[in-house]
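First subunit A sits with subunit B, and in the next complex the same chain sits with subunit C.
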Partner chain A sequence: MLEKYIKETPDWLSATGPDADIVISGRIRLARNIKGFPFSHWASTKDLNAAADKIKDSVNKIDYFSGSESFKIKELDGLKKQFLVERHLISRELVSIKQGLIIIADKEILSLMVNEEDHIRFQALSSGLSLLDAWQMVSGIDSLLSGHLDYAYCLEFGYLTACPTNVGTGLRASCMLHLPALSMNRRIEKILPTLSRVGLVSRGFYGEGSEAFGDLFQISNQITLGRREEELIESLEKVVKQIIEYERESREEIAAKGGPRIEDRFKRAYALLTNASLISSKEAMELISVVRLGVATGFLDKIPYSALNKLFIITQPAHLQMLMAKELSASERDEERAKLIQKELQFI
Partner chain B sequence: MVCDKCGANEANIHFKQVINNQVTTMHLCENCAEELGFNLFSSQSAFPFFNILSGMLGPGAIPQIKEDKCPACGISFSEVQSKGKLGCSECWQTFKKQLLPFLKEMQGSTFHTGKSPKGFANKAKVSREITNLREELNKAIIKEEYEEAAKIRDRIKEMEKEC
Partner chain C sequence: MLEKYIKETPDWLSATGPDADIVISGRIRLARNIKGFPFSHWASTKDLNAAADKIKDSVNKIDYFSGSESFKIKELDGLKKQFLVERHLISRELVSIKQGLIIIADKEILSLMVNEEDHIRFQALSSGLSLLDAWQMVSGIDSLLSGHLDYAYCLEFGYLTACPTNVGTGLRASCMLHLPALSMNRRIEKILPTLSRVGLVSRGFYGEGSEAFGDLFQISNQITLGRREEELIESLEKVVKQIIEYERESREEIAAKGGPRIEDRFKRAYALLTNASLISSKEAMELISVVRLGVATGFLDKIPYSALNKLFIITQPAHLQMLMAKELSASERDEERAKLIQKELQFI
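Up next is the complex of A and B:
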């Protein structure tokens, strides 16, 4: 049952990892294909079903997946699919793939998309900046699975993928950063364009092409070939640590400057967030972001980061409707969202 | 059919193009196609889009040519380019020549150095050693140390058997 997940808060929102005041989460994704099957985009329904069966069989042989659940995309309604996208469990691409499958394991720490662009896409999500730990874990599962599945691999190009942008390691490591201070002083506009020079790319909260609502930025490696996985991860972490430093400096500047104008900005955001009768999801994300910065800079009373992280997700449209267990119109959502936020923050 | 440009040779390369919402087809011989920069098999063709082609013919240019297809999945390189996705894992060997310049450009490398699946770890090591030996072989030949070069060559042959 997919409904049970709405009652849980995934671990990657728990703010327990290193630098969790700035790094919301880290993600390690591996792309793998099975030898002897055409890549998903070109494969027939029959091939896709056969590949999915093979993958499911192999997954079931691994203890780690004993409590896992799998869902066929074609059996999910639009709301549930959107819920999974909002939850960062599936990509927007998988939504329209009839033979797609999502396997969720270990309380959402690990998930596996089947028949997306590549036959298999694993991902592990973790709180804060702990990509190497997440890598160790995903890599372990990957090795186990390679004992049961014949991966498409060659010595020269490594793990063979449908798109040359993923070939080699098949690794995409990314960090979700909350950078409200760098957004406020607009230094972010100077930082992001420099990332491509070091082989990194930045995206919004929901990946490619999505806006950076709530001052949330996803930074990931672009290169996948010619470097070891650990090297790719370490060079990403190095840059992320630098950005963390910049964000801390900017936060300190804001705290040091102080004054009624700055104070008012935070208090106003908090007042709106906890008193408004209607809040759109975009407005919610913006207010949560300002409040999160207000807490970090000491202008607002302590609210646990975990509670604010959770709000980023549960105020999304599909989450809201799953929580209410019914479909809501846009205006009904704005009303329910405002109520939900008040409820979540009242005991804090 | 004769070539639209020289009017002499047999045209075996056909480009569909859309100009002012009209579809027209251009028929060229191999020589003229190459002269115009349409050599599909040269390393110039950029992945995933035909930059040169679309630049010259405008958007909507679709090359139609008898080209090699992947023996495993039956997909041609122009199909790969139009979708931006390879057909199967065999395509990586079939279209290696076309893919290498793209990898160099986008990835800055053409060789995997990371993890390998179970059972491949040993092979990966051997293959790396062969690469090193080939470099040594080149050095030996440059230095005119032919006896040494012959020894290295034998060693490479031996190792290639293992691979």
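Up next is the complex of A and C:
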């Protein structure tokens, strides 16, 4: 039952990890393909179904997946698919793949997309900056699964993937950073363009092509080839730590400068967030972002980061509709979103 | 002591008069000059001082003025003069008249400007739409004073005044209307231009040349000649009653239409008004106006109109500085204004 997930908050939003005031979450994605099966884009429906069956059978042989659930994309309606996208459990690409499958394990910490661009896309999400932990976990599951599946691999290149940019380790590591102070003082505009020089890329809350609403930036590695997984992760973490330091400096500057002009921004954002009768998804993200910075800089009373992280996701359109258990028009969503935010922040 | 006035709220803001939900106040102004003295603009300092002394002596002979206080304009600093302007007790013209005098009686219900354009300008302010009461009061005082002063009067024209537009009755009647619903649905744009056709004129909260911030419109008669005072007042009241009806209709439409989009405007205005750390005078008036409409239409919890009327005036720059008993920069005022509003609305 997909519905049960709406009542729970994913573990990676719990703000319990290192530097969770700035790093919402870390994510490790591993691409794998099965030897003897055509890559998904070239495969027939029969091939895809066979691959999916093979993967599911193998997964079921591993204890870790005993409590997991799997959902066939074609059996989900539009709302549920959108919910999974908002939840960061499936990619927008998988939505339109009929033979696609999503396997969700362990409180959404680990999940597997099947028959997306590659046969298997492992994903591990963790709170804060703990990519190596997430990597060790995915790596362990990957090893276990390799005992039951024959991966497409060659000695020269490493793991083979549908897109050459993923060949080698098949790894993509990313961090979701909340950088409101760097956005406020506009230093972010100087930092982002430098990332490509060190082989990194920045995207919005919903990955490729999404805008950085709510001052949320997803930073990930571009290179997957020619280096060990730990090296790739460590080089990402090194840059992320630098950005964390910049953000922390900027937050301290804002806190030290103080004054009513700065306080005013926070007080107004909190007042609107908790009093408006209508809030669009975009405005909600913006206000949550300002409030989160207000809490971090001490201008606003303490609100747990976990509560604000949760708001970022449950105020998304499909989440709202899943919560209300019905389809809502845009204006109905704006109304329900405002009510939901008030309810969530009322007893904190 | 002018300072004592800052601690009190003028009676005409009490919202106790008829139609006080829409009519903030009514005002009767009567222009009089003393026979044998040149009009103020042509008079020497000696003449002006003599006229002021004569008027003051006469006023002191009338019991009604026993508790009154008089202030010489030249003895007031800029802040205090500005305070009196904001208080609607003196005109902006009187501020620069050295031989000017203001006599304040009876909780600011009645006041006399001396040596403005005319030797005497009586003013009576009352809550709500009660111009005839105000007129009877001014008229009574005017009669009493005429027992001690020889007014410039001729049988053909009536009372003589410095400016021909005031000749005859010397009367100007006006109402301060709060018309937020007509502003919101923009019907006000059609109503205002029609006023001149019936001999009326509309101005902002601070009279001639002031903008209609806070949806406050001061509507007054232009004609002073050839009709009895009661007729002039009744013809103004007739139009005002029509506008009141339009405003009430518009408020009912807003209340009946309802919905989150309308509620949202009110909730946001109230949230900002009570939570911002900085508020400009203009924004304060705009927010107070929306909140006042929110109360009138039932979208917001009850706040006494008297409290909101009071906010319109005490948030003005000189009022704020008098309240703080010191000069404040614009940004300091914005800060103190925000605090003051919060304090005033906290225990309502």
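Just so it is clear, the second predicted complex is superposed on the first by the 348 of 348 C-alpha atoms of A that agree within 3 Å, B and C clash if a C-alpha of one lies under 4 Å from a C-alpha of the other, contacts with A are read in each partner's own complex, and residues count from 1 in each chain.
Everything below uses one rule, namely that contacts are C-beta pairs under 8 Å (C-beta built on N, C-alpha and C of every residue); 3 or more make two chains touch, one makes a residue touch a chain.
Not measured: the values here are computed from a predicted model.
Aligning the shared subunit A places subunit B and subunit C next to each other free of steric conflict. After overlaying the two complexes on the shared chain, residue contacts for A:S127 are found with neither subunit B nor subunit C.
The wider contact with subunit A, measured as residues touched, comes from B rather than the other of subunit B and subunit C. Of the two partner chains placed around the shared chain by superposition, neither subunit B nor subunit C is touched by A:N221. The superposition of the two structures on chain A yields an angle of 130 degrees at the Cα centre of subunit A, opening toward subunit B and subunit C, reported in steps of 10. Of the two partner chains placed around the shared chain by superposition, neither subunit B nor subunit C is touched by A:N309. Touch criterion met: A:D334 reaches subunit C, while subunit B stays clear of it. Of all Cα pairs spanning subunit B and subunit C in the superposition, the closest are 47 Å apart. Per the touch definition, subunit C reaches subunit A in the complex via residues 260-261, 263-264, 267-268, 270-272, 274-278, 331, 334-335, 338. In the complex of the two chains, the subunit B residues touching subunit A come out as 47, 73, 75, 83-89, 92-93, 99, 102-103, 106-118, 120, 123-124, 127, 163.
Interface residues of subunit A facing subunit B in the complex, by the touch rule stated above, are 33, 35, 37-39, 41-42, 117, 139, 142-143, 146-147, 151-165, 167-169, 171, 199, 223-229.
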